[in-house]
Amino acid sequence: MNSFGTLLRLSTFGESHGPAMGGILDGMPPGLHLDLSIAEGLLARRRPGQAVGTSQRKESDCVEWLSGFSPEGLTLGSSIGFIIRNKDARSKDYDLELRPLRPNHADFTYMEKYGIHDFRGGGRASARETVSWVAAGGLVLAWLHSLGISVSAESFPGGDVKAAMCDGDSIGGYVKCRIEGLKAGVGQPVGDKLHARLAAAMMSINAAKAFEYGDGIAAASMRGSQAADLFKPGLPKESPCITNHSGGVQGGISNGMPVELRVWFKPTPTIMQEISTVDMNGRPCTMPPAGRHDACVALRAAPIVEAMAALVIGDLLLQGAATESFGVAKRIF
Amino acid sequence: MNSFGTLLRLSTFGESHGPAMGGILDGMPPGLHLDLSIAEGLLARRRPGQAVGTSQRKESDCVEWLSGFSPEGLTLGSSIGFIIRNKDARSKDYDLELRPLRPNHADFTYMEKYGIHDFRGGGRASARETVSWVAAGGLVLAWLHSLGISVSAESFPGGDVKAAMCDGDSIGGYVKCRIEGLKAGVGQPVGDKLHARLAAAMMSINAAKAFEYGDGIAAASMRGSQAADLFKPGLPKESPCITNHSGGVQGGISNGMPVELRVWFKPTPTIMQEISTVDMNGRPCTMPPAGRHDACVALRAAPIVEAMAALVIGDLLLQGAATESFGVAKRIF
Amino acid sequence: MNSFGTLLRLSTFGESHGPAMGGILDGMPPGLHLDLSIAEGLLARRRPGQAVGTSQRKESDCVEWLSGFSPEGLTLGSSIGFIIRNKDARSKDYDLELRPLRPNHADFTYMEKYGIHDFRGGGRASARETVSWVAAGGLVLAWLHSLGISVSAESFPGGDVKAAMCDGDSIGGYVKCRIEGLKAGVGQPVGDKLHARLAAAMMSINAAKAFEYGDGIAAASMRGSQAADLFKPGLPKESPCITNHSGGVQGGISNGMPVELRVWFKPTPTIMQEISTVDMNGRPCTMPPAGRHDACVALRAAPIVEAMAALVIGDLLLQGAATESFGVAKRIF
Amino acid sequence: MNSFGTLLRLSTFGESHGPAMGGILDGMPPGLHLDLSIAEGLLARRRPGQAVGTSQRKESDCVEWLSGFSPEGLTLGSSIGFIIRNKDARSKDYDLELRPLRPNHADFTYMEKYGIHDFRGGGRASARETVSWVAAGGLVLAWLHSLGISVSAESFPGGDVKAAMCDGDSIGGYVKCRIEGLKAGVGQPVGDKLHARLAAAMMSINAAKAFEYGDGIAAASMRGSQAADLFKPGLPKESPCITNHSGGVQGGISNGMPVELRVWFKPTPTIMQEISTVDMNGRPCTMPPAGRHDACVALRAAPIVEAMAALVIGDLLLQGAATESFGVAKRIF
């Protein structure tokens, strides 16, 4: 289905070359004065055409917020609907008669699953979808900021982007993300572990291939005596451990240390080279070199990673509130 | 919450040293004759004390199936309840007056979240919990087998297990998993991508630190021209692509190639060495060397990975059935 | 939360006097050619100002479908986003300085729950919200029609509407609804019984106070020998029972007879009389006589009942498909 | 599916004549000292054989709590698993070779849906299932009591029970339920309205045919001026309105007045008379007069109604906590 989250739930819609992308963010607490410029800033960072190696497609990504705010701009506690009109959608770039199946894209799998597919720009499978995630995630980030929680991600190419561009090729990359200000106690056991929810959110981003938190893969070749995060005497709230091998999560629940994760992205399969492929009938054909594309999609992924992290943290904060409001548990926020 | 899945949903309960572990598997199709020995075989592989480097705790793990089967042994389509009594629970090994917080365990985070914790054996946070996953996942595996789908995982240590044992230490490791026989079209867009669901399931396993599928992290330093899975002419169902960089998933949906993933585990923090730590009041104390423990938890993780993979695949097969039963899509299974 | 359904899920947004109402309908099967005029016809029937006793507010209710359809108009299987702009929103009719709490409206309870409320036209609590339900439900009805399932509801006043209007008062009423063409086997046990889901959907409609199916309340004073729906020899699919005391549902699952239900509505509390009330501080004040309002809301409820019934049936058909696609069960549709 | 609730979720299993009934109650807050005798008292009231007109089947209904409590008896915040062994299950009373379809039972619909059915005592469709609801609901009631919330229901026959028994027949009835101590602000808009959730829960009880709250059906023939619940000056928390036509719910959210509802039940179709019916092949046959049965099932329904009400209230309290913990809303409990 086209949703993320339980108590803070984002549902989205939109095909790459349809009239609009958009979504509903349900569950935002009432009475918040959110700094909308945070969402706008995040959208601006996601926008293509900003860095070397990103697509030249022009997207103004102007969000129209349709509900959920009082005339004074405070959240009402009701669902927040929003749309982002698709502009500069040059259908002819994509809408080819022969419809070659683009390798490593979702053309083939969507056709196998649905028996129908909007081939224009990848339709629903396009990374254009992430614009809705970033719009909604930006709102949540604004809320988290007001709680003293920050989420910051940075993109890194996996190789020489300029060389890839010269060769009409693409290159993979990765994003490091760090969540600070999260107190101990956020996350659920078994079915909603903090890092499992983060993993699912990150792996939902187009082209993501791997997820690590804390020591990640390196942990596998470490010894227990080496990987232990010893506690500081006094268990200081803002930093209870001496080290952070755990990446801020123990038993699926935050421990008060920064949450640290990495997401790894493959190179985009859309490149400026002719590709041998087949059409839906399995007949061999060729794909002409692509027009606009991102030589390194990972370079645009950092704001998307931040948005997804915010959606997960916000949802788990709300889930935790139920636990904390009754019984003996302390209130965290 | 303590559940996994939407249409095929496993809910579980149980503390490590309580009377029983158990669960409810809801959504299994009716009229199936399941080979229960598959579940039993999976439980046997998970059982400690079998390989060098695994805990000597004796668990017979005898599952009592309490509902959901006809007198003839066919599934009724109703929820399947089951329990596994806890035996050999030597409370005194764990129930210390001082209650030192075990580093990298969930003692601290559970206390922070809930204000109360069953310290005996880790309570709800114990890897003992996975016995319920394996019991239920084993049932699902039996169903998948009947559809021609196999799931096979293999464990690898991340270093020298025997050396670690000699030193009273522990070592990390990883599990490779391969799902074969899955036709193209399984998985949902956006919110339930096949690999995102697999990532969440795998990261739910105790001590998991990283998840990869297909080329995984290696993809980040590859070029697009290099990572493309070109289609075979004729698009043969059982193997439509020449290579499998994608790990059997494109756009969140299976493409008919084997699904390939890896899960990376940290070393267990429980070791046969005295550890400096603090108690709940932050006062320094020491943990005596542990008794029974797994020197390499990854070695027992393969059947758990198989169980979790089965739960995800089963759920997505059922979700897909809705799509396939109406409209133009072909029926997959 | 602002959603209905599991596999066919409608999520909505919008305040009565905000820029737009709208929603996302997720889960519609792919490749369907839906007759959009069915949705439009349903919206037309819901529109105020059509019958004696309904509000004179003019709403053109023009739906803009934003996603989920191919250029040829076939469903893609993706989420269907839509908006309906609010027009003729005469804020001054409602936006009073003193903000008297309207008795039997949601002003007080929303303020108590959220600490903030959009008082203009009832904000999120307005019956204006049902326009999104009818738009989406109309789409689902079009699908159900293609499966041979019809849903028809009729409104009845609970007293003399004209007399009520003359007196500047309002009157209650009820809606009878009949679902035909539903084969046996639709509905889930325990947590998603067909009639329980219908009850929840109907009681979600503004001003609904009671729900009955089959014999309803009358069943309570009947004897078992009298209320039995004896089977016809041969169990004819289209009508397996001689009578229909059960209203087409047995054990939460359709039995192939028409599903029959009734929904009872209170009179709208908005009337053309001055009302004594209090403001948010509990200070006594008066409400001036209302302007536009429905003297009998039940008269506009029939298309809303049809829309909600369609959403429930569609969801349960999809849920059933999972059961029917595997194992021994027959395929129903 | 076999579950109720979102944050406080009960999942159940069990066939009437299988080894055990049981369930998992997930989401109970941690650190609560629950008075288990409340659950036991509720189970005792549900037990058959206590009043004239109820089945003589002997059920000791001894609940074994398997998890979720600390050694000291406090809730841990983890899922609470429990089982109730089935005793006195006299299979031969029911397990007839010919398998006549019992009219108004779920035999036919389960067979149509699943293609398989446990006919012994109705299998999963038996009212025996409600024993798990009452066990779990009893726990929740104990929690609600600690918050000052009480739920009390009373059963009424719909006619002369003794006359019905003399005639070997059965009779319908109804249950009135009143929830007191619930503060204003409990319930969600649109998709989880308090009365809609209550309606779904009550209609899930075997043999329920109608649901009313507040004025219910009578509201339909009332005028708006007559049905208004005018506010008291000062808006006293414990009773803000002069009257309670609304039954304690406005706009889907509690208003601080007692919540009042009624549930109507049909007569059990199992009677001490020979009944003409058909078998699964549609061939006419007769059902011999039933052995043990309830002449008036409504008489045993009051504790079930209380249990279901408690489950709904508990879930909505937890959902509300998310809203109340952040933003401007006041904390309710």
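Which chain is which? They are A, B, C and D, in the order written, and residues in each are numbered from 1.
Definition applied: a contact is a pair of C-beta atoms (placed from the backbone, for glycine too) under 8 Å apart; a residue touches a chain by one contact, two chains touch by 3 or more.
Quantities reported herein were computed from a predicted structural model and do not represent experimental measurements.
Considering the contact criterion stated above, the chains in touch with chain A and with chain D alike are B, C. Of all chains, the one whose CA centroid is most distant from that of chain B is C. Note: centroid distance chain A to chain C, computed from Cα atoms, is 35 Å. If you average the Cα atoms of chain C and of chain D, the two centres end up 24 Å apart.
Shared contact sites, meaning residues of chain C that touch two or more other chains, fall at 1-3, 7, 12, 27, 30-31, 74-75, 77-78, 113-116, 124, 189, 323, 327-329.
Interface residues of chain B facing chain A in the complex, by the touch rule stated above, are 1-4, 12, 101, 103-106, 108-110, 112-116, 124-125, 129, 158-159, 164, 167, 169-174, 183-193, 195-197, 199-204, 209-217, 219-235, 240-241, 245-247, 249-256, 264-271, 273, 275-278, 282-284, 298, 320, 323, 327-330.
Against chain C, in their complex, chain B makes its touches with residues 6-7, 27, 29-32, 74-75, 77-78, 143, 147, 189, 317-319, 321-329, 331, 333. In the complex of the two chains, the chain C residues touching chain A come out as 1-3, 7, 9, 11-15, 18-24, 26-27, 30-31, 64, 66-68, 70-71, 74-81, 83, 113-118, 123-124.
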